Every structure is written in C-alpha cells, then in structure tokens.
Amino acid sequence: MKQGLKRGLFVGRFQPYHLGHHNAIISALKEMDEVLIVVGSAKQSHSMKNPFTCGERIEMISESLKQANVYAKCFIVPIEDMNENAMWVSKVISYSPKFSEVYTNNPLVKQLFEGRGLKVNKMISNEKHIDGKIIRKKMTTGENWKEFVPKVVAEYLEKINAIERLEAILTNEEKQ
Amino acid sequence: MKQGLKRGLFVGRFQPYHLGHHNAIISALKEMDEVLIVVGSAKQSHSMKNPFTCGERIEMISESLKQANVYAKCFIVPIEDMNENAMWVSKVISYSPKFSEVYTNNPLVKQLFEGRGLKVNKMISNEKHIDGKIIRKKMTTGENWKEFVPKVVAEYLEKINAIERLEAILTNEEKQ
Amino acid sequence: MKQGLKRGLFVGRFQPYHLGHHNAIISALKEMDEVLIVVGSAKQSHSMKNPFTCGERIEMISESLKQANVYAKCFIVPIEDMNENAMWVSKVISYSPKFSEVYTNNPLVKQLFEGRGLKVNKMISNEKHIDGKIIRKKMTTGENWKEFVPKVVAEYLEKINAIERLEAILTNEEKQ
Amino acid sequence: MKQGLKRGLFVGRFQPYHLGHHNAIISALKEMDEVLIVVGSAKQSHSMKNPFTCGERIEMISESLKQANVYAKCFIVPIEDMNENAMWVSKVISYSPKFSEVYTNNPLVKQLFEGRGLKVNKMISNEKHIDGKIIRKKMTTGENWKEFVPKVVAEYLEKINAIERLEAILTNEEKQ
Amino acid sequence: MKQGLKRGLFVGRFQPYHLGHHNAIISALKEMDEVLIVVGSAKQSHSMKNPFTCGERIEMISESLKQANVYAKCFIVPIEDMNENAMWVSKVISYSPKFSEVYTNNPLVKQLFEGRGLKVNKMISNEKHIDGKIIRKKMTTGENWKEFVPKVVAEYLEKINAIERLEAILTNEEKQ
Amino acid sequence: MKQGLKRGLFVGRFQPYHLGHHNAIISALKEMDEVLIVVGSAKQSHSMKNPFTCGERIEMISESLKQANVYAKCFIVPIEDMNENAMWVSKVISYSPKFSEVYTNNPLVKQLFEGRGLKVNKMISNEKHIDGKIIRKKMTTGENWKEFVPKVVAEYLEKINAIERLEAILTNEEKQ
C-alpha cells in the first residue's frame, strides 16, 4: 500500500449484490482512495441463504462497479468461510491487500477488528431497509425485487434464471 | 458475460508475480476483451514453494496491472487448493466469472479443461526462461532477481522484507 | 461402461433404507441395465437426521438387493458430503462408475445434473408416502415402522438395537 | 498410566465453566486418582452456543482447579469437533492420556463409550439445575449469573468483557 | 452380518487394479464367504501416485470381479483418506459392513487392526512381484504393462486414454 | 492472566519429549511464573515424523514435569496443524491461555510471533545436540536412545512397544 493511500474494507455475502451494498461503497469512496470488497462465504451456493456462486457474485459486483466507473478503485476478494470466528480477522488480513480501516455496522465484526487494532467506521447507506434475505424471499413469492438491486444486477439475475433456481432450492430445503 | 465478450483464464501461484506472467497477460489482452487471473494455492504462505500470502500476491499483481493500464480489464480471483484434482476445474468454474477460453502450457491442466469442453490456448511469453522457483532461489542466494519481475514488484518485495522471510523459511524447512 | 449399457443413478441418504427406495430401484431396473446407488452424507451418523453409519446403510441396502436377486446389477457408492453445492455433481461423477441417466424427484438435484448435460428421469414409486424422517420419528414414539422397510431391514435394525440408539440421540439433541 | 492408577474422563464445552462442572469434578476426585477434562468444540468461539475461545476456557478451568488445590491431579485436553460421531470416541482416546472410566449423564455418550468397552459412571453434582445455556442467556438479559460459576470465573469473565461480547454475538446472530 | 458368515477385509488404492490384487481376492474367497474391498485414497486422482478417480477404480474392480463370477460375494467400499492414522481403523469400521478378519501384509496396518482386536491374516498371492508403482511407471515408459492386470482392466485403461493422462501428470509433477 | 504474572510459550511436536525440551522448560521456569507447552501436529501419529499420538505425548510430558515437581506451573495445549502458516500464530493465541513471551530458536516462528507484537526469547538448553529426528532414527537401528530422554519417558516408550511401532511405520513408509 503506497504511503498515505487510504483503503477501506467492506465485508458481505452479496446474495445478491444490492443497492444497500452499492451505495455504501460509492459513499465510502468519497473518504477512501480504494475499497476492498470481501465476498464472504465464497464456497457456499445453491442454498436459500447463499443461492449464488462466488463467480456469479463477482460478476454482479464488478458489472455494477464498472457501470459506476469505480471498478479501477476496487478490489474484490472472495474468502471461504472458516469455522473459527476468533481467527476470521486473521484470515481477512492474510487474504486481502493491506487496508487501514473497516466499514461495518455489525457489533461483533467491529469488536473482532478493533481487537486487532484496526479503525472501524459506521457504514452509511440511504437504503437501510434493503436486505439480502428480504430480496431473496421476494424472488420466490413473485413480489417486486428489481428496484432494490442495480439495473445490471437485475438483468444478470434474469439471464441466469435466478428465480427458477431459488424455487428449486426452496422446495429442496423444505423437504429436508 | 455480455454477448460476444471474450474472456481468457490464466492460472498461477504468482510466487512472486514475474515478467513471464505479466507479458503473457498483456499479450493475451490483444486477443481477449478481459482476462481472469486465478491465484492458486491461495491459503498457502511462508513456505519455500509459496512464500507470499494471498493478499501480498494480489498487491503485486494489481499494482503491475495498474502500471500497465490494464487493471480495469482484469479480474483477480484467489482460489484455495483442493485435494481432488478431478474436481479442480469445477471449482475454478464455480469461483470465477464466466470465461470462454483458457491459457496454459501445462498438459494436465489442458486435459482437465478440455474434458469440460473448454477451448485451451498456448500461453505465449517471450520470457520462457523465467520461473518462480528459480527467482525464489536467487532471493536466498544473493543473486540478481529483480530483473525478472516488474519494477513495482521488486519495490514491493523489498518493502515487505521478502528476502529476510525467505531466509527464515529456508532455515525452518531445512531443519524439518 | 460397455457400449450400449444403460446405467441409472439414484441418490439417497437411506436413513434407513425403506420400501420407497427399494421399489423405485426395482422399478428402474426394468429400464436400466444397471443401477448406481449413491449413499449420501456417508460420514454422518448418530444424529436424528442420520442415525446409521455408512457401513450399516450398506448392510441394509445390499441385503435387500440380494433378497430381490438384483445385487449383481447394482453399485453402492458412499460419498461424503461436501460443503459446496455447485461442485457436488462433479463429486458424484468423479466417485461413481460412469452413468448415463439420473433418477430424482428433487428439482434442485435435477437442475444441477441437467446443468452438466445429463438426462434426468422422474423417480417412480408406489410408496410416495414413505419418508425416512417419518420412519425415524415412529421409531422413537413406539409406532409401527416395520411395514415401511424391507423385512431384512427391520430384522437388521432390531439386531443393532436401533431404537435404543435413536432414543439416546433424541435425548442428546434435545439437551443441546 | 501407572499400574493401578484410576483416571476418570469428563467431557464438556465449558461455555462457561460453572459450578455444575466444578462440583462434579471435585466429587469424582474422591473416587479417582486423576481426572481428564476434555474441552469439546475447541475451535468454536464467538457464537451464542460457544462464546469463549479454547484459551479462555482453559484459563477458567485451570484457575478454578488451582483455587481448589486439585490442578495437579487433572489434565485439560482441548479437542476440535469432528463431523463423524461414530469416530468421536476414537478421537478422544487418541488425544487423551489413557483413562479407565468415563463420567457422563448423556445416554448417547454413554452408548458410544460402552461400545468401546469402557466403564461409564453417572456424573454426580448437587447443582443439576445449573446449565451453560441458561447462564449465557442470563448474561445477555442482565439477570444474576455470577452465583452459578466459581468466583474466579466470574472475575475472569468481567475482566474480558464477556457481557459486551455476548451482546454483540446476539445482535449478529439475530440479524442472520 | 449373518450368524456364522465369514467376511474378510482387503485394503488397497488399486492404482490400477492388478493381478496381485485380483488373485489375492480370489484366493481369500476360498476361506471367506464374502470379501470387502476398501478403495483407499478415494478422493485422490490425476497424480502419479493416484492417477485414476474413485469411479474409474470401481469400474476396473467390478468388471474384473464380474468376469470371475465373484462380484455378488464382494463389497466395494471407497474411503477418503484421513490425516489421523490413529483413527483410520475406526473409519474403516464405520464405513464398512461388519467384517471379522483382515488380510494384509503391511505390518503397520496389522498393528492398527490388531489393536482393535481384529484377526489379521497374511495376504497370499502368487504375483508378489506385481506392484502398482511399477505398473504406473511402465505405462509412461512404453514398457509392457498389460500382462500385470486383468484383461478387462487393460482394455478399460486403453479406452480412457490412461497413458496420455499419465504422461500429462508426469510432465506436470516434474515441473513443480 | 493475573496482573504481573509472566507466562512463556514453548512450541514443539515432542516426538518424543526429550531432554532438550525438558531442560529448556526447566530453565525457562527460572524466568517465568508459568510455562505453556503447545503440542503441535496434535492429530498426527503413526508416521516416522510423528510416531506418537497426542495422548501419548501428553503422558510423556506430564509425567516428566511431575517428576521435576513443576507440573502445577505448566499448561499442556495440544493444537492441530493448520495449512495456513500466516494464521498459525492466531491459532496458538486463540487456543492458549494468555502468554506474554515466546521461547524459540526457529527464525520463522520468531518472525511470525514478532509480527504480532510478541516478545521472543532464545531457547536455552545444554543439550543442543538432542533432536527428535535423530532419536527416532536410533530407535529403529538399535542404537542407544534412552540417554536422550527423561527416565520416565524411556520407561513409557518401552511399555507401549514404541520400537515395534517405529519398525512397522518404517516398513510401511519405505513401501509407499
């Protein structure tokens, strides 16, 4: 990391990448020179909690960042889950280019990063009501969900038949 | 992947990222619209075979691509090793944005990707004699190694005291 | 796989192996030359969801197939779970002798296999109402469960004190 | 294990180490020469079920045993979970100094150890009503919990800000 | 296992299945009612030590057993490696139908099974000089290897282009 | 950790626990109030590099510490290997009671702990020439090895037939 460069870290699962994520990143880029986007639970897919593969999530994020002309200021870093919360911050540090600050509203994530001496900022977004879980649910009930995601994400999800996949996942999980 | 977009995939461990890698990527970008760079053995570090962390390798790659003004056309996708070679291609497909062609000179990687119906191209580089293993060795014997890596990589490796780390690793592995 | 040989794949956890499974396999053997029986969640045991070990399940399946004189036309292939749904089909392909068709009524399993270009058939059984979860529950409540499994399975479960095990598991899980 | 030496095994997660555990161990030391304390789920932490790290749990246990002047007669053996219940007893045997008897009130644990030919005793404690789950809950609701743990444990938990951690964990898990 | 039924266990990696394996199994079937064939290192493939997938190995073994008219007296049980030798016997017991005796010439395997109270017999084969490692080497050097494997195995290996695979693997491993 | 208490950390595999380890620990206890003994590679056993199980190693260490009347000042903490060197220090921190200083002569271990801000001391032992690898070798060649380990360790290794095990392991590994 160059002398004086400010890099902020975001963590999310991006199932899917929505306007809450997007606006918070755009907003952080006003304070930071570069932003690191950690794609958590990278190996999960095809479940109600994590329907999309890591590759599909990178596709949604990068396309949105390119549309907003900020892709060149971002890093997308997928990280597989680990079963050991006490070491998760160490994994993020080891897998990511160096960063100086963290953006999160999660009090546990805040405690864990502060425990390693990192500065943690509040994540600011005008779309606090947007939530991945709600969007995934709307996709299976026929409600409108497209207004909560960037336009390129809505197009992408249609192209990969996301609704059909979510319906099959739901049937599968209800049967278990 | 947009209609008609050509994306090529590169796989490497990038220990460190050297001019052989760099020139092959620059050269592939003449045929491809975008290039995916898979950082293999993502979780390995601090061994003679894999001295640098995933985060350090992303730093070397991205800085070199930015210097060459091609970062915006690239994806960097770290992937943890799996013990099951027969499924490795499936993991690359699941973790990466969609790609249409693969660049490799390794006959086994070629067989595995062709077995999944993907087109495989020869990787072309004017620096065939450059090899990560040789560079790592030179770093522990005091020989010149900087001429084999992009200038920003040489500077980065100095900044993180790479030589001191390699010497400690070597002592550790010889003792085992 | 010999030229022209037709092999169908079944996937189940077989906790326990019941008449729903058994009849569907017998029925598929009218269309197929051979049947592959994948024993999923192979490493799980001693939980309400998966009370029996892999070895015990192979014992129940093979004994039933031998009674029905079809063991020689079947393969029993235990597979450990993997945490990555997107790669699960690749694991089944890598662990199993070659197969040409799949039998399933699960829409997600159907999507995943079709995504790899395999033909998927509906699983036909006259005992649609038979379900492992219900059988396991009946075993802990003293209800009749033996009519839902092949006779040799009922005898086997008695011999290994299955009810006593299920009761201990239930107490253990309720306490957690 | 010296000829004639009697060693009893206890298994727990010790989240946190409470008087129910403590009194049962003190009581077993009247029948046994030495006691082995297996700290289960060793790698879990920062969840409602397992809030404390392995190191923190060893600290609570050892400090309590030292206060009671019995530390020198005990072994503390942390063991990571395994996904295979059928093999868990083998893991305990392989990780622990040799033992001759087991103390547990869990019927499944009893079955598994007896299946390997080990003698299983009932765990006796005057504090049957004490339970880790209840203590953890009390810690997040402001109820009195200190009376259920050894005094040194209460002091330790205050020092590491356990309540603040539990509150952050709870917020995190509710959001998932 | 029915009263009085004698079942013997064989362990191998079967890379490939050769006449040494085959004759020992045929010979054991003179003493045993049934034979269990554990396919070790089930998840390994595409390396010089383990070139063939689990599915390919099951294909070779089952086809040979069918030719010899003994398939119906055998079980083929693939088992993934575990990193813990002390627990490996427990894994074999948990994954396999019940068995009473073990066939092996390996002194460590003998010690581990005897440590669990199982009877261990010497494996008898007239083809002691046959060895998987030597066969794999011959396949890459153009020497005659077909005489060391059952005829159906030789045909199968030709059909899946085994030699081409082994050559690619060798190039790959030499480069590492 | 109580205010002002000094705790030093030792890491070893203890295959077997020898006088080099023992004297260094006794010597550190002159500077430290308590010593933490991390038993690395806890899950490995039955290989030439790691012949003894975790339980057997705890037995050797604790018996030696008891003979030297220092057991009550020590913690024995087994830790399973992880594949990620960059996070290994985090694992040690998470599994161990709190410690303030580290004892090691390994330059890589030194770098990793210093990178987390911990003080690292040189390990002092009068028996620098003692080495586990050499002892294990002597045990298979009939040379004298007992003089290099505490007397109770020599007796214990005889009791568990260690030499017979090492010979079986050696035969097994040579055959691979």
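Each chain carries a letter (A, B, C, D, E and F) given by its place in the written order, and its residues are counted from 1.
Keep this in mind: contacts are C-beta pairs under 8 Å (C-beta built on N, C-alpha and C of every residue); 3 or more make two chains touch, one makes a residue touch a chain.
The structure presented is a predicted model; accordingly, all values stated were derived computationally and were not measured.
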- By label order, what chains touch chain A and chain F together? B, D
- Item | Contacts common to chain C and chain D (chain labels) | A, E
- Looking at CA centres, what chain is most distant from chain A? E
- Query: At the place where copies chain B and chain C touch, is the share of residue numbers found on both sides over half (same) or under half (different)?
  - Reply: same
- Have a look at D-E versus E-F and report the one with more C-beta pairs in contact. E-F
- Message: Taking each chain's centre as the mean of its CA atoms, which one is most distant from chain D?
- Response: B
- Task: List the centre-to-centre spacing of chain A and chain D in whole Å, with centres computed as mean CA coordinates.
- Result: 37
- Item | Between chain C and chain F, centroid-to-centroid distance (C-alpha), Å | 46
- At what distance in angstrom does the C-alpha mean of chain E lie from that of chain C? 25
- Quick one: which residues in chain D touch 2 or more of the other chains? 43, 45, 53, 84, 86, 94
- Message: Once the touch criterion is applied, which pairs of chains come out as touching?
- Response: A-B, A-C, A-D, A-F, B-C, B-E, B-F, C-D, C-E, D-E, D-F, E-F
- Note: in the complex, chain E contacts chain D through residues 84, 86-87, 90-91, 94
- List of chain B residues in touch with chain A within their complex: 1, 42-43, 45, 53-55, 58-59, 62, 66, 71-72, 75-78, 80, 93-98
- Give every residue of chain B touching chain E within the complex, in rising order. 83-86, 106-112
- Residues of chain E that touch chain B when the two form their complex: 43-47, 53, 164-165, 167-169, 171-172, 175
